[in-house]
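Naming follows writing order (A, B and C), and every chain is counted from residue 1.
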């Protein structure tokens, strides 16, 4: 699935660091652009005022502060988290088709929200994030428990199979609920595609620190993921305690994805594709794959959200839909060029 | 279905040694269960008919027109369609998993479901006047076009790495699904829910025409797959070893992928995307019994048929008059069964 | 002899065929929305309607009981005709109407009630090929017909135009009363709904929109730009452009929601929204149940017309001494 470890040479470190700096600055530019465009045209002067001297009776300030800023921050957090989660999944399972959705995380989150609405009639936007996170965590735990209980233990095959099975079951149950009463799910249709709209800064403040911890964990063990991605036998031969490491990494994936789903709904594609794109440039060394996945993922989702909010003004398109419409052609091009 | 005999003979000639007694018993048991389910399905429904009446209607003693219609136009073709579709999807998935050597491969990997879904959903949203009878045609064209696109894109260069094929599949499928989702999310809610019902995969509208199409294509494609089973066995060890074993990789691979595409596309065009069987039936077959590739293909096909038959029967009778689409019930029945197999048995033939 | 047998056979088969297709000899031709020409028996007695709120309720309001109807199933497993109990009083549990499933309906169940006319919509998944084997089948498409055109078609098919004229007369009377009491041309109104970070606005929100438009009220420009019959999810940033003299916000009574739920949803989209909407700030934003506002029913139209009139012209009266 990836080129060998040879590409990890010291001379690359400098150019990679440089690339990281460039990508981060592009991200910051995208961040400012994100704040300055939207359904209502606002000048940079207003933007500056809203950020420096916020007046909560001014609607323009309110737009920047309560609508655009949380969205931009969440785009960064979700993009980075999902990409890193995907990179870890692909490394650990050694399956290029793996992504957070394979562990049943996205299906679990969607299912919990649909059930919350359909059976318990919980529509309040205050609870949705927590229900989603709970669903994602439960589904992933279930998948891992099943895989561990299967003969052979939590192997790549068992994990991916039980994940696919649980996801399919949950997707079917969601479809049953949706078919039973289309009106109830009219509201949910958009959430199920993954949308960055309608989050407050407050929920970001709650969730972001948790994500940060998981991201840092991933970074710290990134070298060992490289070893793990070469196969369990090699990893064991190199003295890596594979089971403990896998558990640690799965926990990180669950936390990252659950938090993302809590804020943005089940955004697909990013976790699957960004890590592949990153590997085309930095190779198979997870010390670089992880941080670059975070940066590129954040920048990608920011850019995508700018498109989603402006392309058919005054309407907004769900971010989760645009990610694939914008990202897929880019990705196909990359595959064509890089995988000759 | 006359095909099992052909299969068996072919099988005996090519790899007769691997035909274990277990496999034979299993094949027999599965076939018998399918037969029983078919009989049960034709005898079950909301319209009150005794077994005797059904028997009379079947053997040409015409009763009233409605009863005739119930058995001949509604129950019978529907039952046969369910079995055929299940078998075809399972075969398609089994072949793909072997060729791409990826355990997660199913017909949606080569864009079958997504192509069909996009073609049907966009036509339902953009041209609501289009007659329902066009849906099969559109779904078929959509899935074939997308599969071709993926194949052509992944072939055009010198490399034939499976990873390239898989990644392009991911990219194109994601792109198409996103457009479909956009239609479903921003289209008119009532049209969207009609499209959603199609996407759930259902066999309720099956006609004799559908049965003819399905069985005709199965008769053509099945032998091709069985013929290719030797090459698949070689491919399982990787392309390098397959070349060493003297298999002509490219042509065989594309033949097998084409068969797989055709099977899934035809099945999808008639009942909508029931992709899950393609993923699960081959794995379940692998866990039921150690078998050669050819035997594994047959076991997968029978399991797929059994699963969809059961799903369709349960879906239309469990909470009648409410109906649960077969595509959804396939998943609801199939997943626990599969998980049970996953927990109980080790995979007996290597991926 | 041979000739007689042939003739008898011919007559028998023609009779059988016509009995199958039309039941009654007299029939009228109706071109349905799938472009098919359907022979409709003049006095169809056993009509099956395959959409509850769009077909069954209008049929009941026209004074005709269908023999079978499509319906939904509640979370506790009880089938119901959506919106019917509150508008017509009838449902599966207190009438002879038989529940035949949702989408697709159970074709065998439908066959067992022996309908002589089936009215369906393109939304119904049961195919025409199957339905037509049971009885003449008419397709009415509510994407092509406005709600009043839907009513007109159902009245024509069932020969109940006289009853429809009475219902229409009642509605006209209610609209002209609004026009007499309120200077509608000078008042801007809008109907909005908040959901998951978006403000959802229809060009014309079903019954509520129809009453407001028929009475001649003005709408915000952004709303007039929406294609008729369509809706748009606006960004929260458009809040102030969706403001009006009178705002209507709806909540779902069938899901046991309260007005607070509607307000909470708005608050989640734009914190402190009330400060930025003149209608809300100055007490001209009405929160009302959604069921009556969105059903295809003359009863609902009456209720809405009465509510609109009361909300906009009604005044709390305090005598100043």
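One rule holds for everything that comes next: a residue touches a chain if its C-beta (ideal position, glycine included) is under 8 Å from a C-beta of that chain, and two chains touch if they have at least 3 such contacts.
Predicted model only: the values in this text are computed from it and were never measured.
Enquirer: Please identify which chain has its centre, taken as the mean of its CA atoms, farthest from the centre of chain A.
Expert: C
Enquirer: Kindly indicate the chain pair that has more C-beta pairs in contact than all others.
Expert: Answer by contact count: the chains A-B.
Enquirer: When the C-alpha atoms of chain B and chain C are each averaged to a single point, how far apart are the two points in Å?
Expert: One centre to the other, that is 39 Å.
Enquirer: As a quick test, compute the distance in whole Å between the mean CA positions of chain A and chain B.
Expert: 32
Enquirer: Among the residues of chain B, which are close enough to touch at least two other chains?
Expert: 190, 193, 197
Enquirer: Show the residues in chain A shared as contacts by 2 or more other chains, in ascending order.
Expert: Residue numbers touching two or more other chains: 179, 190.
Enquirer: If I count partner chains per residue in chain C, which residues reach a count of at least 2?
Expert: 73, 102-103
Enquirer: Sort out for me which residues of chain B touch chain C in the complex.
Expert: 45-48, 65-66, 69-70, 73-74, 128-129, 131-133, 188, 190-191, 193-194, 197-198, 202, 204-205, 207, 316, 319-323
Enquirer: Where on chain A does chain B make contact in their complex?
Expert: 1, 95-98, 102, 146, 149-152, 157-158, 160-162, 164-166, 168-169, 171-173, 175-176, 178-179, 182-183, 186, 189-190, 193, 268-269, 272-273, 276, 317-318, 320-325, 327-329, 331-332, 335-336, 339-340
Enquirer: If you look only at chain C, which of its residues touch chain B in the complex?
Expert: Those residues of chain C that touch chain B are 20, 34-35, 73, 77, 79, 99-109, 111-112, 114, 122-123, 125-130, 133-134, 141-143, 230.
Enquirer: Of all residues in chain C, which touch chain A in the complex?
Expert: 72-73, 75, 102-103, 195-198, 222, 232-241, 255-257, 261, 264-265, 268-272, 275-276
Enquirer: Would you mind writing out the residues of chain B in touch with chain A in their complex?
Expert: Within the complex, chain B touches chain A at residues 102-105, 109, 153, 157-159, 161, 163-164, 166-168, 170-172, 174-175, 177-179, 181-182, 184-186, 189-190, 192-193, 196-197, 200, 276, 279-280, 283, 324-325, 327-332, 334-336, 338-339, 342-347, 351.
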